[in-house]
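Labels run A, B, C, D, E and F following the written order; every chain starts at residue 1.
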Amino acid sequence: MNIIELLFGTLSVLAIFSALMLVTSKNPVYSVLWLIVTFFAISGHYILLNAQFLAIVNIIVYAGAIMVLFLFVIMLMNLNKETEPQKNRWLKLAGAVAGGCLLLVLVAALKDVDSKKPENFALLNGGNTGLIKNLGKELFTTYVVPFEISSVLFLSAMIGAVVLGKKEKQNEAAH
Amino acid sequence: MQLTNRAKPVDRQPMTFLESLYLWNILKGMLITFSHLFKRKATIKYPEQKRSFSKVFRGLHVLNRDAEGRENCTACGLCAVACPAEAITMEAAERLPGEEHLYREEKYAVKYEINMLRCIFCGLCEEACPKDAIYLSQTFAPANYGRKGFIYSKDELLIPHPVNDKEAYQKALGEKASSN
Amino acid sequence: MYLLAIDLWFILEKAILIASIIGLSFFIAMYTTLAERKVAGWMQDRHGPNRAGPFGIFQPLADGGKLFFKEEIIPLAANRSLFLLGPGLAMITSLVTSTVIPWGAPVVTANGTIPLQVADVDMGILIVFSVVSIGVYGIMIGGWASNNKFSLIAAIRGASQMVSYELPMGLALIAVLFTTGSLKMSEIVASQAANGWHVIYQPLGFIIFFICALAECNRTPFDLPEAENELNFGYHQEYSSMKLGFYLFAEYINMFVSSAVISTLYFGGYDIPFVNEAAWGLQPWLLSAISFGVLMAKIAFFLFVFIWIRWTIPRFRYDQLMNLGWKKLIPLALVNMIITMAVMLWLKK
Amino acid sequence: MNALILSAVLGVIMMFSSFLLKQKPAVRAVAISGIVLVLLVNLLEMTSQPFLTVDTRGLLVFDHFALVFNTVIFAAVLLYFLLSAPDMEKVGGSYAEYFALIFFILCGVTLVTSFTSLLTLFLGIEIISIPLYILTGSDKRNLKSNEAALKYFLMGSFSTGLMLMGIALLYGAWGTFSTEAPALLASMPPVLVVAGMSLVFFAMAFKVSAAPFHFWTPDVYDGAPTVFTSFMATVVKGAVFAGFIRLFDHAFGAQQPQWQFWVAVITVVTLFVGNITAVFQQSVKRMLAYSSIAQAGFMLFALYAMNAAGKEGILLYTAAYSFASIGIFAVLARMNDYTFDGFNGLARTAPLVAGALTVFLLSLAGIPLTAGFIAKFYMLKAALTTPGSTWLVIFAVLMAAVSVYYYFRVIRAMYFREPGESPAPVFPGFFKWTLALLALLVILLGVFPELLLGRLYF
Amino acid sequence: MPINYYILLSLALFTIGIVGVLTRRNAIIIFMCIELMLNAVNLLLVAFSKMHLNAAILANDAASTAGTDGQLFVFFIMVVAAAEVSVGLAIIVMMYRNIHSVDVNFLNRLKH
Amino acid sequence: MIAFFLILIPLATGLLSFLIKEEKTAKAFALLSSLATLAVSLLGLTLMKTGNYLHFSAPWMSSLGSSFTLQLDGAGQVLCLLTAVAYPLVLLGTWQATYKNAQQFFGLMLLAQAGMMGVFLAADALLFYFFWELALIPMYFLSSIWGGERRIPVTFKFFIYTFAGSLLMLTGIIYLQAQTADQSFSIASFYNLELSGKEQSWIFWLFFVAFAIKMPVFPLHTWQPDTYEQAPTATTMILSGVMVKMGLLGLIRWLMPVLPLASFQWGDRVMIFAIIGIVYASLIAIRQNDLKRLIAYSSIAHIGLMCAALFAENNSGTQGVMIQLFNHGINIIGLWIIVEIIERRYGTRKISELGGLAQQAPVMTIFFVIIALANIALPLTNGFAGEFLMFNGLLQAKSNFAVAYTVVAGLGIILAAVYTLNMIRNTFYGEAVVLRAPVTDLKLNETIALSLIVILILWLGIYPQSMLDLTEQFSREWMNKIDVSHLFRK
């Protein structure tokens, strides 16, 4: 077992454990924190795969921006109390079993992927495609059109924030 | 009605864009603070350095003695009457025979207390005293752990004996002595 | 010395470097607290602390000692684990940033070059950025876990402030990256040594970046999270003892690191201006030491500016803060970026 | 491509017009002239006279089908603006923003109709979805609207997740995101392809609200402000269908034997659920929501058959269904009462509107000489040319007969019942004549479908 | 690392996400589970991209840029996720303002 | 062109009629229009032998493989003539009836006429389908707006039934089109199809259900009595007199020649249904108290007989059907006119509430008796020739049970006599149960209409050859088309 495998194992266990904690935590704030841990574990995987750019962007975007917003909203709503009433235990169990079955089916379907063939190995710690220079070059040549188009997405999200967040004048008059 | 010429009307013009950036004002402020780095320090290193007081400074009270060390106070109560803060209380007593070296007059104050927490250091007691028995010294900044400690008794107020404890007497007199 | 296929010498070298940087950070942070009080005193025509040791140089030690020995209080209604996690997070995030800053010219030895930088990674500046974006958790978690209204409000304020100011900061940064063409901190320094400091090309960008740095460090005039006259003491109101110390210290370390980043990005890092130090023919270690000193001087200057501003400019109101961030700085940063882009294109032609 | 760029620019213009233009009619005028412009630009591109050509590096291909389809969409949006734009004022305060969002959705629509890469498909679908979430929740004071938005959003993102997993698995198998040459890297066993394809299929079925992935549709359509329901149920649905078909035609054409049966199953379920449930609705809006599921069932035939007739059919179907539904929704938005009884005696109080509405309903029901008939006809034809699918067609036809029941309930209410006490809705003259024009268009398309289909081939 | 490991890992994460979506009732947590699903996808995409790169290198194409597209796709997914989050949280907050709850079980007004 | 005008005149006048304000004007306009159609139709009759005038073709929906092709063959000619004749009769016969929004009523009536004409003329399957629906929609509105109390659910049932059937037919049409060599809907291509027995078999049922609903044949008839009862009488006349013939024409032109094998195979089954229908309907008719319902059930019986005779697949039966197509239409319209008069005068249709009308309205009684006798096919009335030929045909059918069929169907005739005579006796003779208001005899317009009908009845009863000539050639050609015997020899 070399260091890479060790790291892979550790990160995987961490990722799955914290994902499980995310789902099972009663307190939403804990869920957020566990999700952040998951993101870090996944970022670790990216670094193992030498996808440095994505590793960093993952942290900046997900951990640094998205999860802050989540935390923010949860704190604003003061959801720290365990407001979620106890759900039917059986339903929970059913959900878990259904998920497990889904996993089993998917894995069983995909187990045929030949893991012995050298082409079916993910290259670790090598290859420069994950470096920002290469990604940038590709992004601004081949993928420049979708890149530009994705700005539309942000514009609409921006408008959305305005439309949904702005206080209605009539509303104030009513209160 | 204009009282002085220093009155300045408030400018309620909306700020221009440049003004709204506050850049110049910020810079001005920064320069001002920076210039203060090099100004003379207004504070002094107190225990080591002390400021000199003006001649009319009114500090803690002192009960005076005459040159032979006899107490001047006759417990007439004028100071207590004059005190606007009602900080002074006293009890009078007859001088007994054999005490002439202690008290200058036949009557003296057995108990003389000034509550320094009430005192406003106005100096009216000093003015009221017909016997020159009380005056305000240049000492200040009493510190204490309890409120009781601020009620100064006669012992604490009396000036040191001019004969027995000459140096202390001189020190206590301070500038007051020289002014007289 | 290979274990699990790792070069242990390498680890050792980095470990020493990391340890010394952490030590340095603590040291500087400690003395920045002193400097703050001193400068504050001077600017108000006072002397500042001067009792502990000559000129008060042992004052930080005294403060530290005091914080250590004070009673630890954890409020009953607080969320215990998160309450403990908060200051730790704040401390760690403030320390991590310094890994990518080049502290001096690399030391060239016979056995190879030892860079005075923990990690010269491909996307150095992005790491700074990512850590900054994580930094908000310390405040948020601490403020929330205290279970106190004031702390919570302060934490939310802090979070929204930091998230808002990250944007113009990033935009200003992009303009720098245009001119450099690399995210590596070492290359950013090298390109400044060759072409002149970025502050010359990017004055507007620098100002924006600096303002954002102030906001990210929760320094006046943007210290809304600890606005004592409305929020008592802000997000660390319920903290005491060394946990409070961590928060306070983290702020100073943040200042230190921000100064280092600003120096590196806009003021040439460890580059000595107007001279060609290579021509002096000094020993490499000496050269490195000098360059380190130069960087520290720059950092010291910025630390001074931080303090200077604090004692000059009054605190913003919350809406003013947000307006400044979203309605002034972001457009300005965009303009800056576009102008830079246009000029670059024009020059390339 | 020109239309895509232009509509993005128009979206931005509308954004700015929210604070530059104070008058709502002015905003409306800008929006309408904008969509006219988009339509013209698209027509020019269709006749090979584009203003500017952009090298999309093979991520988008604007073939004839895409361009014609876009033309239909833009025309539908134009009519939608003409009819329903004044009603948007009632929704909330952000009038210009709604138009901006709609223009952005049009960007997404052009992407979805012309993608050649899974990336652009994904982007397109998201650009469509995100503004839709917003529009759904735009009636902020209304709890129903809030709920619909949240529900739509959660379900929509969930399906996006499924789709992405599918795309990831496909990428693992193909080594590329292109939908044009997916068989290049066939070193992996096709199990990845099958798994990925199924996930993508589920997700797309979800987006077009095919049963059993339809459960969100009625609630969302019911909860959203009626003007936007109109847009969602027509233009957007048609576009996503186009994308669905394009994807399965280009990328999974070779696997048709594997998925065809499942499409058939979904079609049957969709038709059944949509039609049968629609019968029991009391609100016209909800009935239309279920009917849109039912209509999706018919549109699935194009996917099932995946032949020329199917593609022509989806084009016609989109046009027919959109035009008719836009008309109905435009009237519905002005009604005081959304139940069937709300339509009582409309023929008496507003004969022209009732007449146009009748034409639309007939078209939806698939009565000849309306566009709806031709559309259904093409779908049946497409399916029938596929061997062994007669049972499917017969089932569909029976379901279409069921659909007549609920469509004619509206007609019955309008013509055979007395008006209620509540004040009759008012329809301005412009609205009435636009509606009549739309009705005429529906009939025209029904009588001369070549007007549209002819564009496909030259 | 055999690609199977990565498939297994990311499918596991994906399934945990799905189970979370199905069993939890707090809208925000459901939303987080969706984010988890997206991240599982991202991981798988990166792993596949490196697998394709590996294959290209094994086929003696050392300078290959195979797999770049996979990583860029991840980039786009992140972009979309960011936009989605802003809208989604806005919706959730709007909802909260009205009913003071984020429990999806309250979403039943439309059923009647 | 003649064929085209047959559609164009009612279509155009129908649309124009919506613009008229006055009720009287609308009525007159409709009458004029129908007379014009009649004139054109008669012109067509004279030109029939010369061929090409009766054919019209224009390009339309060519991308679908369809075209606007009309053709006037024997069966079509008979039915067009019937339509053209029926309208003036109906309008005249119900001249007194008043309608709310009369312009719409007459407009829809004329549109329905255009639709029916189209159905009878179309030589293109898609066109046929279009007109099939076009005829249906106005009928739906007519019945739903101007009908009786229970009009809305009843006509809705009628509409759904018919529409479902026609959609099934559409499926069949599309399937057949896909099988044609030139992907065309034209009737010629359909006739040239060579389909396997299995295919023919299920397409047969798709088509047959549609036609059977329209006619209606026994198990699918449930919409009919209610609709006839609830619809306004003028509409009922068109429905029962003309519209049901659409189903028969479908059988004649579109079903049996296109799917001869299946027609042969399933003919027996269909005949059984039809004949059950005859007996069933007749039995129910006996029990009816409402004149309208009685006539409705009698119509089911008659249509059943025609259907059965058609599937006998021989010359005699076919000829009989051809004649009866026209005659039944004329007769039943006559019956309805009188029912309408009775209802309007006496305010009721219940047989139990009527009686002794012969004393008040002798002229009407005479007319009624003649028409009723024609309806039960007494010799020397028009019904006789047709029914005789049909029974003849039934007897010669290539079925093992031909005799049984004939006997049972004959039972239907006897039953028809029972209920018809019963009705005459109870309504016109016997005790006058209800006698309100001074009753007048026929008005002029009614007299004209009924006289015309009676003239037709008598003329065709005495000289049926004129009708036979018209259809003989067609019938022979048709027999060739549906002949499957050559297949057996192989």
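Here, a contact is a pair of C-beta atoms (placed from the backbone, for glycine too) under 8 Å apart; a residue touches a chain by one contact, two chains touch by 3 or more.
Every value quoted in this text rests on a predicted model; they were computed, and no experiment measured them.
Among the remaining chains, those touching subunit A as well as subunit B are C.
Centroid distances built from C-alpha atoms place F farthest away from subunit C. Closest to the middle of the protein, by Cα centroid, lies chain D.
If you tally contacting C-beta pairs for each pair of chains, A-E comes out on top.
Distance between subunit C and subunit E, defined via averaged C-alpha coordinates, is recorded as 33 Å. Spacing of subunit B relative to subunit C, judged by their CA centroids, is 50 angstrom. A separation of 5 Å divides the Cα centre of subunit A from that of subunit E. Subunit C and subunit F have CA centres that are 95 Å apart.
Looking at subunit A, one finds that residues 53, 57, 65, 69, 76, 106, 110, 113, 119-120, 142-143, 146, 150, 153, 156-157, 160, 164 touch two or more other chains.
Of all residues in subunit E, those touching 2 or more other chains are 3, 7, 17, 31, 48-49, 51, 55, 66, 69, 72, 76, 80, 83-84, 87, 91-92, 94, listed in ascending order. Residue positions of subunit B touching 2 or more other chains: none. Here the touching chains pair up as A-C, A-D, A-E, B-C, D-E, D-F. The residues of subunit A lying in touch with subunit D in their complex are 106, 109-110, 112-114, 117, 119-120, 141-146, 149-150, 152-153, 155-157, 159-160, 162-164, 166, 168-171. Those residues of subunit E that touch subunit A in the complex are listed here as 1-9, 11-13, 15-20, 22-26, 28-29, 31-33, 35-36, 39, 42-43, 46-51, 53-55, 57-58, 65-69, 71-72, 74-76, 78-87, 89-94, 96, 101-103.
Every residue of subunit B that touches subunit C in the complex is listed here, in rising order: 26, 29-30, 32-34, 36-37, 39-43, 45.
Every residue of subunit C that touches subunit B in the complex is listed here, in rising order: 39, 42-47, 50, 308-309, 311-313. Across the complex, subunit F is touched by residues 362, 366-369, 373, 377, 380-381, 384-385, 390, 393-394, 397-398, 400-401, 404-405, 408, 412, 415-416, 448-450, 453-454 of subunit D.
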